[in-house]
Amino acid sequence: MKKGDAIFFSRVLETLPITIPTTLPETVLYSVQRQKMFIENRKDKGEMKKKVVSVLLSAAMITAMLAGCGSKTEAPAGGDAPASEAGAEASAEAGASAEAGASEAAAPAASAGEGKVYYLNFKPEADEQWQTLAADYTKETGVPVTVVTAASGEYETTLQSEMAKSDAPTMFQVNGPVGLNNWIDYCYDLTDADITKGLTSEDYALKDSDGVVRGVAYVIESYGIITNKKLLQDAGYTTDDIKSFDDLKKVAEDITARKDELGFAAFASTGMDSSSDWRFKTHLANLPIYFEYQADGIDKTEAIKGTYLDNYKNIFDLYINNSTCDPKELSAKTADDARNEFLDGKAVFYQNGSWEYSSLSEKYSDDDITMIPIYVGAGDEAKQGLCTGTENYWCVNAEASEEDIAATLAFMNWCVTSEVGTKTMAEDMGFTIPFTTAEASPNVFVKQDADNTAAGLKPVSWNFTTMPSEEWKNALGSALTAYAAGTGSWDDVKSAFVDNWATEYSLNAQ
Amino acid sequence: MAVANMEKKQESKKTRMINLILTVVFSLFCIIYIYPIVMILMNSLKIESAISTSTAFDFPKAETFAGIANYIYGVTKMDFLSSFFYSLFITVSSVVLIILCCSMCAWYISRVNTLASKAMYYLCIFSMVVPFQMVMFTLAKTADTLKLNTPFNICIIYLGFGAGLAVFMFTGFMKSMPLEIEEAAMIDGCSPIQMFFRVVMPITKPTTISTAILETMWVWNDYLLPTLVLDIKKYRTIPMDIQYFRGSYGSVQMAPMMACIVITIIPVILLYLFCQKYIIEGVVAGAVKG
Amino acid sequence: MLPARFSENRKAERQMEKSVRKYWPVFLLPTLIAFTIGFLWPFVWGIYLSFCKFNTVNKVTFVGLSNYSKIMLDNTFVHAFGFTALFTVASTLLINVLAFLIAVLLTRGIKGTNIFRTIFFMPNLIGGIVLGYIWQILLDGLLSNWGLPLLALNEKAGFAGLLILMGWQQIGYMMIIYIAGLQNVSPDLIEAAEIDGATPWQILTKIKIPMVMPSITICTFLTLTNSFKLFDQNLSLTGGEPAKKSQMLALNIYDTFYARSGAQWKGIGQAKAVVFFLLVVVIALIQLRATRTKEVQA
């Protein structure tokens, strides 16, 4: 930005082949002064000159030395990832020999000795755990694993810029069929990989149109309305009282009416900051899509009709009108704000998913909290379960070197089969992983989902993976934010939902 | 005579009144001007839950005062010190390299009148107009291919992309320098290299300072270029760090973010207050000259 | 006499040129190499890629002009252009008028001039990303206290916010240049005008402004290009919200490039960048011609 700052076009114009007569009194004056100055300089400061030269020279030398030291101390400077430094060098060599020795190294997972792993993680809430797990793996096997976590909402941006680099992620994730479509050229064939064989169900393998496995789901999650049982009791209700949208509305509005007396609100803030808006533009928006797909008997579409948008409006209205803050302030409310409100007992309900368990369990015991389905007044509400599914499919970068691919496959497999790996994923990250070797997760929301299924409730599947693009979600998010604040109308939301769906699909086809 | 004097006195009284009012007005204006920085400082001392849009202007109270906890958290969590070091290193190495190489290049251009040197000059001017978005993707890829993606050699990229401005400024000044001194030095038996370092460099000191200031301000604050070029697995600069506070690790941490903003701008302000004379002269010299 | 000295000079000059020319690997080459890496090659390659479809450079297919025809597809580019143009005009006017006004007042020799100058210049040293967040916090605080919608859903506030931010950052810088220009106006000239009975207003419009025309050229050029190419501040202050309504061209291109997935977008982004570059060149040339002509008349 600063670069343009000193473009002084007096000179440019003099030199460019555009002839405009110019008069520059200041410039002339100035250069005369300058000339006088340096002639004086020369007379009086003959000694000075030498000094300046030596200072400049020594400055240059010091910099050169610093640069030298810098590159030598490069590895220690990288501190936490010295292994990956060495690995990068090793792989550079390995990369050079990769083509020559491709046939030898063609057996993936046979030996991961040479390769390295670079995992671009999607889940910021599990960043620390991934770093630990990666360090454990490196300690155990000596294979360098680097985990970089993209900022919330920046996964696609980071993936795009990282994939363009020569040292690209070897392991990344796509969110489902739509995501796969964009990255299909870069997804390694996982059909025969060990990790695919370990899946509990073939449904968790993400296949392309030819039936080739390109991605593997690594976590099954549920979301719904997390409920503080104690507060609900204080308000005079139990979760048994909420079995439909009408029940939920009645309870929520009753709590709002007695807000001052009770000292808490019904819903935690429906934050529309980018750290939080996915709860509504993606997760909540899944419900109208799900019910439409159910009604039409389809599992994807290029033209959504928006049959259940009124239900979407009802639940969203309920959220924003019975919450801890004025709807106008929602645009700046973050994920932290909502979580803190729930943790501080300022709200009974909090729409989020099983991934929140680890942060909520620090304050609440398993008996204090539970998760109820998001009722929107559509379908058979008596049989509605939590929203359960996945948008997290691991892919291996097909463009990586053979060694790196082998190392990545080995690492993935280790995560879901080894004791350390399964334990970390289940306990520390609170994940339910769809593998036969999985450790039971202590996650109370996951248990709730299992109980629901056992009781004959039907989980709501995750259809938001068929949303046309990130762009579509963002536009919907903006429209929702504006609607909540009263600066936009519901018609804008409708248009962002229905019209934009078709537009984005047509753009994807370009 | 007396009347004229009286008039003059009255007028100077009037002028003094106006000046006094102006001083007051400007003082108030200055307070408003530095208020944003004061506000950040204030908020960086609050606990996270006390920071929200509606309470942004409140002073920290006993129950919301967080001390330096945010600073400690921000610095440790983000590994802020190493980012600071990288930013500093990148800035110093790039600016030194730019000054050295570009002044040499500019001298060559101003003293040698060939097609090649002319072409180089026009290309440099041209490069100043080109927006970064035009080259961001290909530049990132080129830097990556050549492994110029660490803080220790990214200065070459900065030299390449920043050369236009520096060469332009140096050439402008050097063309106005009389040749006599250099000729005298040559007759004394100086080789061009000696001549450059002993004669030309000292004379160009004013331009060197203004160019160095402009380039420093650019490199230190640059966000997009290091984001796209640097190996983000290992290195982050300060602007990247600040951007990371938004939304990384699943949350927006306003309090530590503001603490880090304060740490970021304090050295800049201190440096400015100490070298104010040079900086302002540099800006003026750069603008009037050129 | 004179011709003889002149030719002697020419001889020495030519001799020097000859001896310097041999040293091109020392003087020219390092910069040339870096310049090729950091600018020339990426620029040429960028133009080529604007005619291609690609996701990473490993798979590039030539598609001719189709990227250019698709620029308008997502209709954000046109809006971004309008927003940028409006912003550029507004900020150029605001910054230059205010900076010039302050410069005039600060050259009167009032008390505290140095302190004022120091403070006004200070924000210029703070980086765009940081500035954006500072102002986001401040403006959101103000808006919420006034009960207005916050920046993220308030296009007008976003526009005003960017304007205030740019003003805060750049007024000091431009002021310094104007002060230098005004100080160069000869006091004799002003005194002479005063004796002739010129009013302060006449002195300002008839003497001071024409005399600082070169400074005005520089400052308008700087504010114009800075505003037109604005990126960091836009990214951190509004991020383009609401719904890309406050998105400027540079951010729009970045967004097309990196935030949209799918191979088609990179080529379109690159094509947008080429158009953007051409716009910058055209605007710079028009502005220079315009202010230059005024300068000559003065």
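As written, the chain order gives the labels A, B and C, with residue 1 at the start of each chain.
Just so it is clear, a contact is a pair of C-beta atoms (placed from the backbone, for glycine too) under 8 Å apart; a residue touches a chain by one contact, two chains touch by 3 or more.
All figures in this text were calculated on a predicted structure; none of them were measured in a lab.
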{"item": "Interface with more contacting C-beta pairs, comparing B-C to A-B", "value": "B-C"}
{"item": "Most distant chain from chain C, judged by the mean position of its C-alpha atoms", "value": "A"}
{"item": "Chain A-chain B separation of Cα centroids, rounded to whole Å", "value": "33"}
{"item": "Where chain B and chain C are represented by their mean Cα positions, the distance between them in whole Å", "value": "15"}
{"item": "Shared interface positions of chain C, touching two or more other chains", "value": "57, 128, 140, 144, 150, 173, 181, 184, 214-215, 218, 225, 229, 231-232, 257"}
{"item": "Per-residue multi-chain contacts in chain A, two or more chains", "value": "1, 4-5, 7-10, 12, 26-27, 161, 164, 273-274, 329, 332"}
{"item": "Contacts with 2+ other chains: residues of chain B", "value": "53-54, 129, 137, 141, 161-162, 164, 217, 221-222, 243, 246, 287-288, 290"}
{"item": "Touching residues (chain side chain B, partner chain C) in the complex", "value": "19-20, 22-23, 26-27, 30, 33-34, 36-37, 39-40, 43, 53-57, 101-102, 104-105, 107-109, 111-114, 116-117, 120, 123-124, 127, 129-139, 141-143, 146, 148, 156-164, 167, 179, 182-183, 186-187, 191-193, 196, 217, 220-224, 238-239, 242-243, 246, 254, 257-258, 261, 264-265, 268-269, 272-273, 276, 279-280, 283-284, 287-288, 290"}
{"item": "Chain A - residues contacting chain B, complex", "value": "1-12, 15-16, 26-27, 30-31, 34-35, 38, 41-42, 48-50, 52-53, 56-57, 59-60, 63, 66-67, 70-71, 74, 77-79, 81, 84-85, 118, 123-125, 127, 146, 148-154, 158, 161-162, 164-167, 273-275, 329, 332, 334-337, 339-340, 344"}
{"item": "Sites on chain A touched by chain C in the complex", "value": "1, 4-5, 7-10, 12-13, 18, 20-27, 29, 156-157, 159-161, 163-164, 168, 179, 181-183, 185-186, 272-274, 328-329, 331-332, 399, 469-471, 474-475, 478-479, 481-482, 485-488, 507-508, 510"}
{"item": "Partner chain B, residues of chain C touching it in the complex", "value": "9, 12-13, 15-17, 19-24, 26-28, 30-32, 34-43, 45-46, 49, 57, 105-106, 108-112, 115-130, 133-135, 137-138, 140-141, 143-145, 150, 168, 173, 176-177, 179-181, 184, 214-215, 218, 225, 229, 231-232, 235-236, 250, 253-254, 257, 266, 269-270, 273-274, 276-277, 280-281, 284"}
{"item": "Residues on chain C engaged by chain A in the complex (per definition of touch)", "value": "55-59, 70, 73-74, 128, 140, 144, 147, 149-154, 173, 181, 184, 211, 214-215, 217-218, 221-222, 225-226, 229-232, 239, 241-244, 257-264, 285, 288-289, 292-293, 295-296"}
